[in-house]
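Each in structure tokens, the structures are laid out below.
Shared between the two complexes below is subunit A, which has subunit B as its partner in the first and subunit C in the second.
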Partner chain A sequence: MSIPASLGGWVLALILGLFLGGAPSWAAKVPNAVPPDETYSGEYVEQPIEFPHDTHAAVNEINCLYCHTYARRSSVAGIPPTSKCMGCHSVIATDKPRIKKLTEYWEKRQPPPWKKVHDVPDFVHFTHEKHLQRFVFENEGMQVEDVAEVCAFCHGDVKSMTVAVKVRPLTMGFCRRCHEANEGPFDCWKCHK
Partner chain B sequence: MSLKNLFTDWSRYRKGIEEGGFHDYEHMWGMAVDLNKCIGCNACAVACYAENNLAVVGEQKFYDGQAMHWMRIERYWDEPDLGEDRVQEFNHHGASFIPFMCQNCNAATCEPVCPVAATYHTPDGLNAQVYNRCIGSRYCSNNCPYRLRFFNFFSYYESSWPEPLHMQLNPDLTVRDKGVMEKCTFCVQRIRAAKDKARRENRKVRDGEFLPACAQTCPTGAIVFGDLLTLHTPGGGVGETEVANLWRAHQVELGKTKQTKQNPELRGYRVFEKLNTEPCVMYLERVREV
Partner chain C sequence: MSNKVNRRDFLKIMGWGGVGATLAGCDLPTTVTLEEGKEEVVSYLVPEEYVIPGVGVWYASTCQQCPAGCGVHGRVREGRVLKLEGNPESPINAGTLCQMGQSALQAHYNPDRITQPLLRKNGSLAPVSWKEAMEALVHRVGPSAGVAGERIAWFTDSISGHQAVLLDALRKTMGSEDHYVYEAISQGVVRAVSRDMLGEAVPRLRFDKARAILSFGADFLGTWQSPVHNATQYAQFRSPPRGVLIQVEPNMSLTGANADLWVPIRPGTEGVLAMGIASVLANKHRKSLDRLPAGLQERIHGYDMDEVIRITGVSGNHIIKIASWLSERSPSLVLAGATAEGHEQGYEIVSAIMLLNVILGNVGETIESAGDFPFPQLVARSGDSRALLDFARALEEQRYDVVFFRGANPVYAAPKGLDLAGKLKGVGFKVALSMFQDETTLAADLVLPLRSPLEDWGTHVPAYQGTEAVISIQQPLMEPLYPETRGFGDILLSLLKMYQAPGYQDYADYYAYLRAAFTALPSVLKNGAGDEDFWVAALQKGVVKVPVGEGRLTVKVADIEVPQGGGESGLRLIPAARLGMWDGRHANIPWLQEAPDQITKVVWNSWAELHPRTARKLGVKTGDAVRITSPEGTIEANVYVYKGIHPDAIAVPMGQGHEAYGRYAKGRGVNPLKIIKPVTDAKTGELAAVATSVQVARTERKELFVKLGGSESQLGRKIVATVTADVFERTEGGA
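The block that comes next holds the complex of A and B.
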């Protein structure tokens, strides 16, 4: 009795999903949040290795926090140490040209000189930690597995990018409008330093 | 939003004598400076330079009154017209001195005169200066009775930290450019870090958990820093801080333009409190041999 019903549900969902197109939006909504909607077309930043975010985050479904592990407890999200890359890539896809390049860096004992894409000015005090606390860890009904949706507030849909590109303006107006919509702090000195 | 911020929120935390000088939010950071303990060694001023990326302006600009010392030891020498005997006496005693930093007044005179609301009162009881908003009109500096606001007349940073000294700059603060007013912040970056840490551990900020650079450096412990909010509770609040204890012990009360205490043994006073600026810094008078 229940099998056809759930099947029907799946079919309906599939049709709905196809109709709406793109990502399954019903599963990944962030509760108690008003996501910002402004966009920005940032320049493509040439990186030492063209890191494919889509392969990692979309195809293999690796959680953002697995590599950007400091985001939950520090002001910066952090770039993983090369040892973390090598943890997988000493065995996975070792014949690909990008991985060969990475292995070269590893053997030279040098981190790849990644370029910063999302950079806020030096006078801004921004902490990843507090934003993740608000939207993920202290947010009722929020699954840590869906953290990418929260990251997407400022970083856009990284799952569809190779090298991350700046797709939100990250200006003061952008921050303020989001703080207003989500009842963030008003005080100037919360962010300005 | 910005207009709302300007007209309503902006003055929300200014509390003068008519409201008891009290603040109704999380914290009210304040100080007690014991001049009896102060030896005038200037370590606090040096610590402030190191902590807050204060520009070194050079000798000539110092004489021109452009020094950027947020924290300074003010010296006062005797009056020459005191008469022969008295001058002797004062020379014997030496200069009198007082460590002087922004008094973080609850009803600060610098705040209402800013044409762009770059200086305002934070919910933490601090008198904040937002460098990005400052247009350099210098009204605030002119209106500060304590002369504790400092203006960047030049791009001092260009010559202040020649390589490799730029490596010593504190990343938690900006380096201020030409045309911006700056002042003591009670080391807001440390306050911010302590509050972040407390929030992470799901507790309140403990007394003495962090100190501003001057208080941390003071070799004699003359500067006591902490939360004054417990002064609000008559007869001693729960978890009274050291600084609130000192204020209470010396019967210095907020919301007064003149302290009414009778006992001459109690040394506490606030500088220029008759101006109703409600400073958050209390000084304990130096006891001298007569």
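The block that comes next holds the complex of A and C.
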């Protein structure tokens, strides 16, 4: 064939893309990534307040990193401090029952006792910071506005949930296959240190 | 072989099989419960600006695991202190930290901590509120309780800085004159000899400048003076041109294990050997004895070397070799430690050893003046073992109605012969300020629960300053784990207020007092900074450097008569101090219990070191239990047969054998201090801890004896087995 190899690759991808009827939305928004596709059906967890992720992230289009601000700086994403909630909700939607409950906690000077949904064992060193670097901040062509697509790799489509539900297995096999597909580090001690 | 699988293939198959099994298991449900919604995850209400969950912040403080006073950095994450390291700003430890320092976390998070005040009611200690505790205190000791001041005593471990200032003020207000400062591991005799011979009790030592070190039982890498500081200096001493270390002691210490020449010596004859070495230096190497009194000069010149060899058990060759090393490698440094000072004439023995520094011209070279610390009120009140004996004597005379305890555990450490527990019953009211229910705390009538050193404020001026003098700052690394505990400084302050001592009413707490005290420090320490900036910088660095006054050592050698030693039958019992259990205060720390002993590799237990020749005579092997009997009592321990001990000695480590002190310490091993005779060094009154002869007999009992490593010898083998290329060709590669 006279078409150069690299171009051939593109043509092939295009043809395949057309055949498959277009890639899922994240494929376009997260370049240089092969997202995991395994699923898990986690239980609905009763939280002290039924926090609506959908209202915040889908309806009002608030960036995940606005509240989970530690994700880019630390191993943990961090539950937002209550003061952050009250930053808006001392004026917004103050008449809603869930906000009233939040305000009660705030006035008692107690953060709500949220239940943990996503976790890995203590012998696993998982860091949000490194994953966000790889897929967002050091990922050419990636827009930070689309960070939710990267979060969705492990947390699923939170925009469609109220409180978070575990939708990926988060087992070692899950991690391993994703690292394989995305050429992540593969040494034992990267995670087990 | 009939089948085709050789060893190498077998290992390969096993290896890959293992990996396969592991990876196949990756998708199995984990055995660790990670169910959703089972754990809580609580956010900050209002976060501090600099706090990022999951990211540690390091704060400076001061280690309180031994009196050396190293600076530490503590990693704090989500309000919990998780790791300690050395503070590079501290001139004592310069960024390093020993295993005892690292383990401070396990004292802090120890499950056996006292969490609220305890008051003796109907014979046993019962939890009470602080209000009730303080009422009991006021009732028994308060200004209107009618207790004469001189009938109140304090018994503490080493104390310095502003806590010492407050304690002095409190004692003055109470009228309490007697403050016993006790440390089982101290250099009491060495300090006395240094003071008399050099004019300074704790001069600065320059290991780094020395080209040879001769140490008579000074375990300076383990338990002597300031071990971590010494270790950093020792590293310089060992870097090229490499200095020579000679260790002379009856039982091998950590320092002895590092020596180029380790010389076993009959216990109590160290002075004789020192005189012998002095004699060789004078007669063979023509070293001047001018600075010594005439009588002593004469005796050194005429010292009978055959007698030295006979008494000490050290060979003539070794004596000559030691003398020529010292003579050729100037400046050198000669040190004395616990096994040299713990005798009834310990002062004379240590004097004979220190004499060598004078003869060798080391004073002013490797032994320097530490200078005058400008704040005498902050200087360390260093503990010694004399305090214990003086205290027992005072109890015998029934001199006290009230005794306050802090830090020290005399009931555990006192030899049986002192009957300290019995004598304490004669004291009407005993108050223990304590973190744990140790033996002394259990004997108290009122227990005030202390915060851990990682939760408390304080300042420390270590007795042995490093390369520069400092005030080292102790700041809380986290909120108190138990709200009903109180800081030592806070308790002192509230007692001062209770006595209505003038000038203390306005301080809300010890923190406020410290802030004011730092504001009052002279501006020369502040480098032009404002009070607030100075305080913040001090907290950040953990130390405040203090310029000291110029000091000079003045050599003054008195005539001494060195004891000839020996005489008693039986084996000499050596309570061996180790960096780990220390004097027993760390027996409740699992990390230190499970850390193998540096010499014997034993964990979680006591043992008795015996020379192979002695063991053969007794008919015992490693692991057999022996009964060790002194005039004071009997202990039993498993034998560890080892060449690193003199045949005339038996060494049992200090620190185990607790009757209380929490789940990790209680009922484990034996305490050799219990069966030593309560005799003293005649000059200083220090406990002569190595002066007890014991009878050793085998028993039929066998007990589990856990140690790492099967043999202390390499049996002539290399560390890494190697073969030459042609041997490899012939055997492995030629196939």
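What we mean here is this: the second predicted complex is superposed on the first by the 166 of 193 C-alpha atoms of A that agree within 3 Å, B and C clash if a C-alpha of one lies under 4 Å from a C-alpha of the other, contacts with A are read in each partner's own complex, and residues count from 1 in each chain.
Just so we're on the same page, a contact is a pair of C-beta atoms (placed from the backbone, for glycine too) under 8 Å apart; a residue touches a chain by one contact, two chains touch by 3 or more.
Keep in mind it's a predicted model, so treat the numbers as computed, not measured.
With both complexes brought onto subunit A, simultaneous placement of subunit B and subunit C is prevented by a clash.
Applying the stated contact rule after C-alpha superposition, one finds that A:P113 touches subunit C and leaves subunit B untouched.
In the superposed model, A:R73 makes contact with both subunit B and subunit C. After overlaying the two complexes on the shared chain, residue contacts for A:W189 are found with subunit B alone; subunit C is out of touch.
Touched residues of subunit A, counted separately for subunit B and subunit C, are more numerous for C.
Contact with subunit B, but none with subunit C, is seen for A:H125 once the two complexes are overlaid on the shared chain.
In the superposed pair of complexes, A:R176 makes contact with subunit B and with subunit C alike. After superposition on chain A, the stretch of subunit C whose C-alpha atoms clash with subunit B is 96-104, while the remaining options among 96-104, 474-482 or 672-680 stay clear. The residues of subunit A shared by its contacts with subunit B and with subunit C are 73, 122, 176. Taken in their complex, subunit C has these residues touching subunit A: 23, 25-30, 32, 34-47, 52-55.
By the touch criterion given at the top, residues 1, 5, 9, 120, 122-124, 126, 128, 130-133, 171-174, 188-189, 192, 196, 199-200 of subunit B touch subunit A in their complex. Within the complex formed with subunit B, the subunit A residues making contact are 73, 122-123, 125, 127, 129-130, 133, 176, 180, 186-189, 192-193.
Touching subunit C in their complex are the following residues of subunit A: 42-43, 45-46, 70, 73-76, 78-83, 106, 109-122, 165-166, 169-174, 176.
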